[in-house]
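Residue numbering begins at 1 within each chain, and the chains themselves are lettered A, B and C in the order written.
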Amino acid sequence: MRTVDDLLDVERIKVLKARYFRCLDTKDWDGVASCFTPEATASYPQQACGSRDEIIAFLSRSMVEGLVSMHHGHHPEIEVDGVTATGTWYLHDKVFAPDFDFALEGAAIYSDRYARTDDGWRMTHSGYERIFETTWKPSDLTSYRVEQGRISRGPA
Amino acid sequence: MRTVDDLLDVERIKVLKARYFRCLDTKDWDGVASCFTPEATASYPQQACGSRDEIIAFLSRSMVEGLVSMHHGHHPEIEVDGVTATGTWYLHDKVFAPDFDFALEGAAIYSDRYARTDDGWRMTHSGYERIFETTWKPSDLTSYRVEQGRISRGPA
Amino acid sequence: MRTVDDLLDVERIKVLKARYFRCLDTKDWDGVASCFTPEATASYPQQACGSRDEIIAFLSRSMVEGLVSMHHGHHPEIEVDGVTATGTWYLHDKVFAPDFDFALEGAAIYSDRYARTDDGWRMTHSGYERIFETTWKPSDLTSYRVEQGRISRGPA
């Protein structure tokens, strides 16, 4: 990272990842798709995906109706090399699925790759490895309530 | 975002929002006030505010003695347009009010507006919409303890 | 913050702190050590440290085998002044130590100092003060499970 152009690219990649997480947790699948190239791949602990279509199919299938989630990417370590870039992020995720009496909180390290396209920076690969994952049944807390906001049901 | 000046403004707005959250959770109401213009408005799920004075009155009334809170704004998506700017943020908030046997954790999307003033960037509007909100009674966990640090009681 | 050089230094210090947290939670003590100057000091609520060796000894002793942790530094407010800099960060930390039936979640404000060295920016001092700290026994939730990922056991 040596020039203002590098810095501009770093900030644009941060905004790309911000849009990804915002669209993911608001179930805006067109928005999520717009963050990847068509040939993008993914390696999640649960599944590998060989294309953008497979990524969107996997993510939208995982985020069932009524489930709410929070996915945050912290601590970006981004390296720009011309028209490609790599990014390391520290994921903090929470999932509440009241219909399945299921709650999850986890931490993981992301290893992403990016490409500069005519439409701006896009993810060409995303994947993470778990630091830890905790799960519990919300019903263990007798007073526990989850209220889903309108925007987490996807675009109107 | 095309120039180093845009980048400098983006970083200054990030620092403004950082100061806002730090002052909020340390109950430094003068510090919180310094982040807004006098005419600033807010649209929170619980209440709309028509001026900076109303914002500070609402926030300080909400954060009662003994309550501790954590408000984090992640994933800034900031657009600068001359002397004004907009910002989208992803809020993660936690609140513990032991006196009321109340705990809250939530996620929301902020839509802010900013103005460049003689004293630097300030918020002219802030508001958010919930992705989800969870609540529970800390007493459901018999071992649960909250310890409040000195700095969360406000400036000496 | 007035020039592109300031911005570059701010981004480099953000990446330094990102590396610190990533190495801390993956128990990569050589990686953690590489973030400090040899003379670095620390003032944690539990202990003061007078050198990098003392910092590493304290941190590695605290993070026992089987313990998993998540340390995130949010909201950087960084001021660069030539070859030194200061940084304020908002810490969110979680610790799960199943062997001790212990869980912790806390919030704190970091006050760091940095120096530009021949190998890049390094921490010369780090310390934080608590906003709040909560603790509980995971066994209060009968369904509670923690799974530790491979990367949180340290480098292979």
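Side notes on the structure shown:
Methods note: contacts are C-beta pairs under 8 Å (C-beta built on N, C-alpha and C of every residue); 3 or more make two chains touch, one makes a residue touch a chain.
Just so it is clear, the model here is predicted, and its values are computed rather than measured.
These two copies of the sequence, chain A and chain C, are related by a rotation of 120 degrees on CA atoms, to the nearest 5. Judged by shared residue numbers over all numbers used at their interface, chain B and chain C contact each other through mostly different positions, with under half in common. Taking each chain's centre as the mean of its C-alpha atoms, chain B lies 24 Å from chain C.
Residues of chain A found to touch two or more other chains are 4, 7, 74, 141. Residues of chain A that touch chain B in their complex: 4, 7-8, 11-12, 14-15, 17-19, 21-22, 25-26, 68, 70, 72-74, 94, 96, 141-152. On chain B, the positions that touch chain A within their shared complex are 1-4, 7, 10, 74-77, 88, 90, 92, 105, 107-109, 129-137, 140-141.
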